[in-house]
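Input: structures, listed below.
You will see two complexes here that share subunit A, one where it goes with subunit B and one where it goes with subunit C.
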Partner chain A sequence: MSAASLHSRTAGKPSAGIPPTGRGGAPRKARRNRRWMIFSLLPVVLFFVVLSVFPVFNLIGTSLYDVRWSGGDSTYHFIGLENYRQLFSTEVIYWAGLRNTLIFAVCAVTAQMILGFSMALAVKRAGAMGRTLLTGIFLLPIVVPPIVIGSVWRLVLGREFGLANGFLGLFGIPPVDWLGNPDIALASVIFVDVWHWTPFVFILMLAGLEAIDEEVLEAARMDVRSSWQEIRHVIVPMMLPTIVITLMFRIILSFKVFDEVYLLTSGGPGTATEVVNFSIYRVFFNQDRVGYGSAMAVITLFGMTLAIIVGRGLLVRKRKNDERKLEQ
Partner chain B sequence: MKTITARLLAGSTAIAAVATFAAAANAADTVRIAINQSPWLDSFIEMVDLYESETGNTVELDVVPFTGLLEKIRNSLRAADGDYDIVNVNALWLPEIYSAGYLKPLAEIREGYKLGDGTLSYGGTTYWDSTTGTFSEDGQLLGVPLNGNVQVLYYNSEIYDRLNLEVPQDWDGLIANAKAIQAEGDAYGFVPRAARGSIVYNFTPYAYTQNGAYVTVKGDKSVEVSINSPEVLKALEVYLTLANEAGPPNPGAIAQGEMIQLMSTGRGAQTIGVIAAWGSFENPNESRVAGKIEATLIPAGPTGTRASSAGHWVAGIAGNVSPERQDAALDFLDWFQGLDVQTAYVRAGGVPVRGDLGKTDLGQSEEFRFIEAYSENAANAVMALPFPQANEVSDALALRLNQAVIGELEPAAALNDAADAIAEIFEREGYDVSRLPAL
Partner chain C sequence: MKSRSLGRAVSTLTIWLYAAIILVPMVWVMTNAFKYKIDIITGTVFAPITWSNFEALLFSRQSNFASALANSAIVSGTATIVIIIMATMAAFTMTVMRVPNWVRWSILGWALLFNMLPTLTFVGSWYLMFASADLTGTYFALITTQIVNLLPIALFLMMSFMASLPPELIQAARMDGCAYDQVFWKIAFPLVRGGMIATTALVFIFSWSDFAIALTLSNSDTMTAPVAISTYAQEFEIRYGEMAAATLLTIVPAITLILVGQKFIVRGLLAGAVK
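Let's turn to the complex of A and B:
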């Protein structure tokens, strides 16, 4: 449940623990509280504006310029929406990257959510010893630095000398070109990302599961016929806030994918594993086209924000519908 | 009281130490260099140690991974006061850095300064002519090469001996050898370096030996996009024949690391690769074919044209540091080109920047038998993208060439697409662009 929906539900109702205040003192105290709230939140707001809002506006502003460096100085030529026109009319690599990023986000996040949730359930139901052991094993990939992950998986998935093909060879299966075949290279990168980030989902899901009151679960078990029904009709609805937050985190992080692609395939072969961050990096830092790179970043930022708002809106609407059905 | 005095003393000592260090770092005889992490870095560090012991001057190295160096160089050169006196610039970045006017012409630091006798200019890439906007020995000398790196043809002599193969002089000979080796089945006949990040550099000798060119600079802000010429198409067909008929099954995914791996394990019999890979082939701890790999001239085209691609590093002196610092930096670069220093550099594992070591005892020795092939290929080195938009053009071209290798585009379509993308870049930059008819 989001903070906003919590607030909307409790607003106007006197809380059980706080006695109602008298008529005369209340407005004055409320004013004082409000002032204190503003005063105490101001540094955080300023911090947010300086570190988040200003860079975004700066990015939008820069995307309207052609930035050049010459004679040891920078010059900004205002070109209006020219960078956006180019991006939408002639760009090839960025759009291939955006398509791949969307495929990557949907496939990787779906797999991570299902696996992470299943692993959390397994650990929750294991004994004390098994719980410690499984948690340790499941969390291992997330503590490995990305550069090591890239190197390790490159060695595992290499066509000529890779461990995976060595293993397949034991069964007489011919070597598979995991990273060099354009048809399966993106799937290989998704697989590595799932391996890397499922523990993140697992740990949040486990925390959500641990927070569910055992008595409530026991009571609910009386009304269900199978474990599947318990998961579907009891655990998942109770875990929905955790699931939504985890999903949002993972979608945002999956749009940020860079290191795995860079280390495993560098975006190739062709544009098979190109992702938006790689395109932006190349334009911004390699080609030094700051304005054009900013336009790419702005489109990505707005696209991602829109996707999250729409996705969250759909989930909230679904939840409200479910609640309405329950009330009826 | 004693404690307070002790703390004050310790504090003063620390401040004095920091001040001394800062003063030392600011001294004009301390040369600050931004340099990339690389297999040859250790040999360069040995030369720095030698310089310090011979002159008493100090050199500070800021070692940066390859991918981060360009941005670090830009940041330092664009500042009011530079962090580095010398910046080590990769061949592909040279036009951008030269054309932006960041570097101090060496003849303005020391009147009449020229490269040392025997020092290679790698197709004139140490000079920049600002009137035509390209490399030219008619322009100003802006740098000294710090590490030579050109491509050579490598072959496994054991396989050659077994199959009675001759060292190829032209592309047909190379293809014939590659097919013969492939037919035997013990090794891949040829290993191309055709991954997206490598292919432009790797393909360059093919195109230029066929008398082709990607883009021809015709004058100030005037270019001809010639990537879709019949000559380059012929070169691409040769490349694809080697890659698809005699190469590993995934040529479009082979970068430098994979190429070295295949050659040093004996799985690859021939390749066109950088001379810097020699150390990996010869090191018995890394290679199963140490002592069996030979380097030679890249095959000639139908009219006898030879070419290699320049992938060297050039040290430029920053324009935004004091004249004393610039002078100290030039002292170091001048010393570095000396015959004795270059000989020591090769012995330490570096790739020389002189073309005359092949005639010395060093070049005639078995251990350094690569020197002659290196010098000959260096003399033919071309810089295929001699304009400030090199990075962008390289990215556009790399994608299409790689797509041709993996079969996503037909060779002619790949070159036509590349020509469209490259022409668009130059038109956007305000160039007068001429084109060839589509293939």
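Let's turn to the complex of A and C:
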């Protein structure tokens, strides 16, 4: 695990300040360089414009229409903001989904961060035998297709022949309907997500911990009395960049959740495990309400964009404040 | 010193316990793939081994899983190759050349934002676009959307690898009169191969795992392996054995990669997560 790659955040800036040559034959070479620049960037720009920028406008446009399908043909009726009015007044499922998505994100990410960080601390401080094998096992949930994770846990949590209930049965505990009981279905889905993503947090945290300068740590150790103080006042502040980045990354990913929920519960029972992505999918593809689905997608897109911009803004401001404090 | 070795034992134990929690459900499902249905239902641990689930899955006429695996390979393979070529060239230009600021920041800004937004908000629009061109259910629709979906990650990864090239080398080549396309082919391309392998591995894995796009844009002929698995799970009577066998076959690329290129995946994940 190279620690250096964690600090390659400056990749966006031109790494080599190469001076322009300005010798003879320069115009021809400048043209050639220009041609290369366009040739190398154009495909990326084209893909982005056609398949990710245009769709946003397409969604906004479609959200103003009532779209009806008949025999493979669609007819569009302009209805203005009616879809949005409906979404904000009579819609129930989408907002239940938003609530669940927030609960899901907060609970799952908190658990993953705490578990992942503690395990990384334990391994860093005391070491563990069989690092390569361990890393291999921990990578497994990350690289296995999410749909497979869903399928594995659907079988494990299955009411009748599942491993979980089989295990409880050994102690004489009656079978639990993990995914069918509205009171515990969301908790089950969160549990699966924690299982799925804690190893990822662990790997990032361990890399961050190993990047801390050992001498700085030794020096700081003189000033603290307990290992709890050391964690609280030395390790956590030094790890803060890694912690914040991992946290942001996980929160964003948890808003993308779809595959596992699709297989585990399909949002049910009722709206117990409904998530935003599933609502959009259902309205779009099961109910064929394309205009309404577009309105949902637009609101989700803009809500998330706003959240991301505000989140990043806060982060940048915090970092600037910290730097100012350091200078004083 | 005594407490230190005790701490070591406890931490080793904890971490291996977690590893066991990861492994047990996976291994349990994998073993089901080799059991008869009756042994799965009764929960027999040491049941006689059978290949019947794999036979039913791959060779029976009702099953389309063999073609689903082939579809997955075609879609992910093509998409990965195109992504790597595009991302490597663009990453070189963005890292080494003086790209006008507005071009740089519109590409990077959009890539960053698009990468964070849920794919599900875009599939609806993609469906409408491809439907109006009568292209839904084609490999073309699946591959192009896969490309745009994973292009940001590949771009960020390749940029971090390009940034670690020694600047003196590039400068020297420029002094010798190389134009940037020559610098790319003669200096950057050979040196960044390790990074390209890491990115290829990660992009292929993500593309192979994709479910949302394939679910909405494929039809019964172009269905990929993850979509096929989801249909098994939703049938009225779940065919446990075949589902387990399908699961096992679908994670073969992931397992192979862990065994062969563990270092690459970790490196790629670290570089990718930082963005």
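List of remarks:
Quick note on the criterion: the second predicted complex is superposed on the first by the 203 of 328 C-alpha atoms of A that agree within 3 Å, B and C clash if a C-alpha of one lies under 4 Å from a C-alpha of the other, contacts with A are read in each partner's own complex, and residues count from 1 in each chain.
Note that a residue touches a chain if its C-beta (ideal position, glycine included) is under 8 Å from a C-beta of that chain, and two chains touch if they have at least 3 such contacts.
Model, not experiment: these values are computed from the prediction.
When the shared chain is aligned, no partner comes close enough to touch A:M222: not subunit B, not subunit C.
In the overlay built on the shared chain, the residue A:N277 is in contact with subunit C alone; subunit B does not reach it.
Touch criterion met: A:I137 reaches subunit C, while subunit B stays clear of it. Using the contact criterion defined above for the overlaid structures, shared-chain residue A:F161 touches subunit B and also reaches subunit C. When the two complexes are overlaid on their common chain A, residue A:L170 makes contact with neither subunit B nor subunit C. More residues of subunit A are touched by C (comparison of subunit B with subunit C). Once chain A of one complex is fitted onto chain A of the other, the partner contacts of A:L51 are limited to subunit C, with no touch recorded for subunit B.
Look at A:M304: by the touch rule set out above, it reaches subunit C but stays clear of subunit B. When the two structures are aligned on the shared chain, A:T90 is found in touch with subunit B, with no touch to subunit C.
On subunit A, the surface touched by subunit B in one complex and the surface touched by subunit C in the other have residues 158, 160-161, 285 in common. On the side of subunit A, the complex with subunit B involves touching residues 69-74, 86, 90, 92-93, 158-161, 177, 179-182, 185, 265-271, 282, 285-289. Residues 4, 7-8, 10-12, 14-16, 18-19, 21-26, 28-29, 32, 40-41, 43, 86-87, 89-90, 92-99, 103-104, 107-108, 110-111, 113-114, 116-129, 144-145, 147-148, 151, 155-156, 159-160, 162-165, 167, 170-171, 174-175, 177, 179-181, 184, 205, 208-209, 211-212, 215-216, 225-226, 229-230, 232-233, 238, 240, 243-244, 247, 250-251, 254-255, 257-259, 262, 265-267, 269-271, 273-274 of subunit C are the ones that touch subunit A when the two sit in their complex. Per the touch definition, subunit A reaches subunit C in the complex via residues 1-2, 4-6, 8-12, 14-18, 21, 29, 32-33, 35-37, 39-41, 43-45, 47-48, 51-56, 58-59, 62, 115, 119, 122-123, 125-130, 132, 134-148, 150-156, 158, 160-161, 163, 166, 195, 198-200, 203-204, 207, 245-246, 249, 252, 255-256, 258-259, 262-263, 276-277, 280-281, 284-285, 290, 293-294, 297, 300-301, 304-305, 308.
Subunit B meets subunit A in the complex at residues 70-71, 74, 77-78, 96, 99-102, 195-197, 248-250, 252-255, 258, 261-262, 265, 267, 319-320, 391-392, 395, 399, 402-403, 405-406, 408, 421, 424, 428.
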